[in-house]
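For reference, the structure discussed in these notes is given below.
Each chain carries a letter (A, B, C and D) given by its place in the written order, and its residues are counted from 1.
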Amino acid sequence: MRIDLDLSTDPSDYAFSHRVRVRFAETDAMGVAHHSSYVAWLEETRVEYLRHLGHPYAGIRAGGHDFAVLELFAQYRRSARFEDVVTVHTRVGSVRGATFQMEYLLMLDDDICALAATVHGVVDPTGRAVRAPGWLRDLLGRA
Amino acid sequence: MRIDLDLSTDPSDYAFSHRVRVRFAETDAMGVAHHSSYVAWLEETRVEYLRHLGHPYAGIRAGGHDFAVLELFAQYRRSARFEDVVTVHTRVGSVRGATFQMEYLLMLDDDICALAATVHGVVDPTGRAVRAPGWLRDLLGRA
Amino acid sequence: MRIDLDLSTDPSDYAFSHRVRVRFAETDAMGVAHHSSYVAWLEETRVEYLRHLGHPYAGIRAGGHDFAVLELFAQYRRSARFEDVVTVHTRVGSVRGATFQMEYLLMLDDDICALAATVHGVVDPTGRAVRAPGWLRDLLGRA
Amino acid sequence: MRIDLDLSTDPSDYAFSHRVRVRFAETDAMGVAHHSSYVAWLEETRVEYLRHLGHPYAGIRAGGHDFAVLELFAQYRRSARFEDVVTVHTRVGSVRGATFQMEYLLMLDDDICALAATVHGVVDPTGRAVRAPGWLRDLLGRA
């Protein structure tokens, strides 16, 4: 799968949201959250969404699946600062065979903080690509 | 600028390389380097390249410029493990007005570990976009 | 000030608690939360406690104070794993002139996950040591 | 073992040194290296020392040992900044049964940047404490 960079800037297009407060450890000498910190927020939001759906990651692994990260894209718009609360909206953007794309809209109050997408490969415990589970495909297009 | 995902997989297309050894702190419970760790390696390589060119980042800031990260893309291919040495090749891919793209090819021995790109905005101390310095434009197409 | 390693293992000795869920990015190749991750949890808990007390860190800085970390101690007992919820209990342990000690008890359900302490120096914007603010001294011995 | 905070400030008391350049990702909004970054530098230096001794960590694990971190202490003296090179001196401070202490002196040019110590437990693959290997005991007192 090739990552799709055409991401919605409308929060109502997303299925789930999670709030993250910027840690001091996540800031850098420019006085803002370092761009690598966002990657951990995307992951935390993804994991929270899966738990919310009744699929905590431990259960997914117990069921014989792992969701490896294959591609990552982020576009940074407004800097987040220490103690800011970032609302991360997410959804499953597409599913094709053994891969799926998650999409993210990060908001700071009414401003867009960032847009992002991750492409994941569904693998079994030996690392072999396997078809995405049905419940994941069922999330497609859900807002 | 829109990030360009068409990245060369040939090390000889890149102008500079830097070696990074995977820290234990950078690994995750899958036993490999976490995908967010790569973002710090790209940055470290970028900074080493600029220093190698006679433009340590402190000098760039003293000259009134900052290179904010606007976009980030990474494609993960072969996992790096604790104590692995990753060779990060880099080059300036394009320069347009106040933005430029850096490109990266990460190798593990003869295998491609990852491909990546970052788009940067040149800003003055007040955060306003300014034209990229001439020495940066001169790097274009250099391998 | 010399850090005091004599830390209470009784949650009821602490004034405030904050829950942290272990991120996947915080785990390492041993399958547990990396020991450096705890340092960010201590800081997050400290900041939450200050906000809870009506002293968000931005206000402290606006009031002309910074709380630099001078010393750090941590004792690791039971490993935390991905998605575990760690409850971090904290209190002000002592205040002497321009320095103060914060103490932490990290619990995983009914087990002690870790004990920790940080010593901070109160400095003004120029980095000079200044007397700890009165409201901080008033917290002493509060459980 | 209880961590011993009596650490030498003389580089010639240490057996090995390793240089670390501060990453931008490791800085914080105070403009200096965040105090949690030092923990990764200690670990990187420890691993380099073991490799230098002919005991890369992979070999230690293959030999049936793991060195879990039981305690950590750091005292911060002079702040390190982005692109600074920190020289981390290290040695084995003491070995007792299944635990040993590593000690660290971090220098910025001729100034002490930080002092640190870590206590490790030698465990077998099942997590049970086992006696430290002979080659580790032989390092004691070496400078």
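Heads up, the rule we're going with is that contacts are C-beta pairs under 8 Å (C-beta built on N, C-alpha and C of every residue); 3 or more make two chains touch, one makes a residue touch a chain.
None of the values given here were measured: they were computed from a predicted structure.
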item	value
Relative to chain B, chain with the most remote C-alpha centre	C
Chain centre separation in whole Å, for chain B relative to chain A (CA means)	23
Mean-CA-position distance for chain C and chain A (Å)	29
For chain B, residues contacting two or more additional chains	24-25, 36, 39-40, 43, 82
Chain-level touch network, classified as line, ring, star, complete or other	complete
Residues of chain B defined as touching chain C within the complex	24-25, 27-29, 31-32, 34, 36, 81-82
Contact footprint of chain D on chain B as seen in their complex	21, 23-25, 39-40, 43-44, 47, 51, 56-58, 82-83
Partner chain D, residues of chain C touching it in the complex	2-3, 5, 30, 35-36, 39-40, 43, 66, 68-76
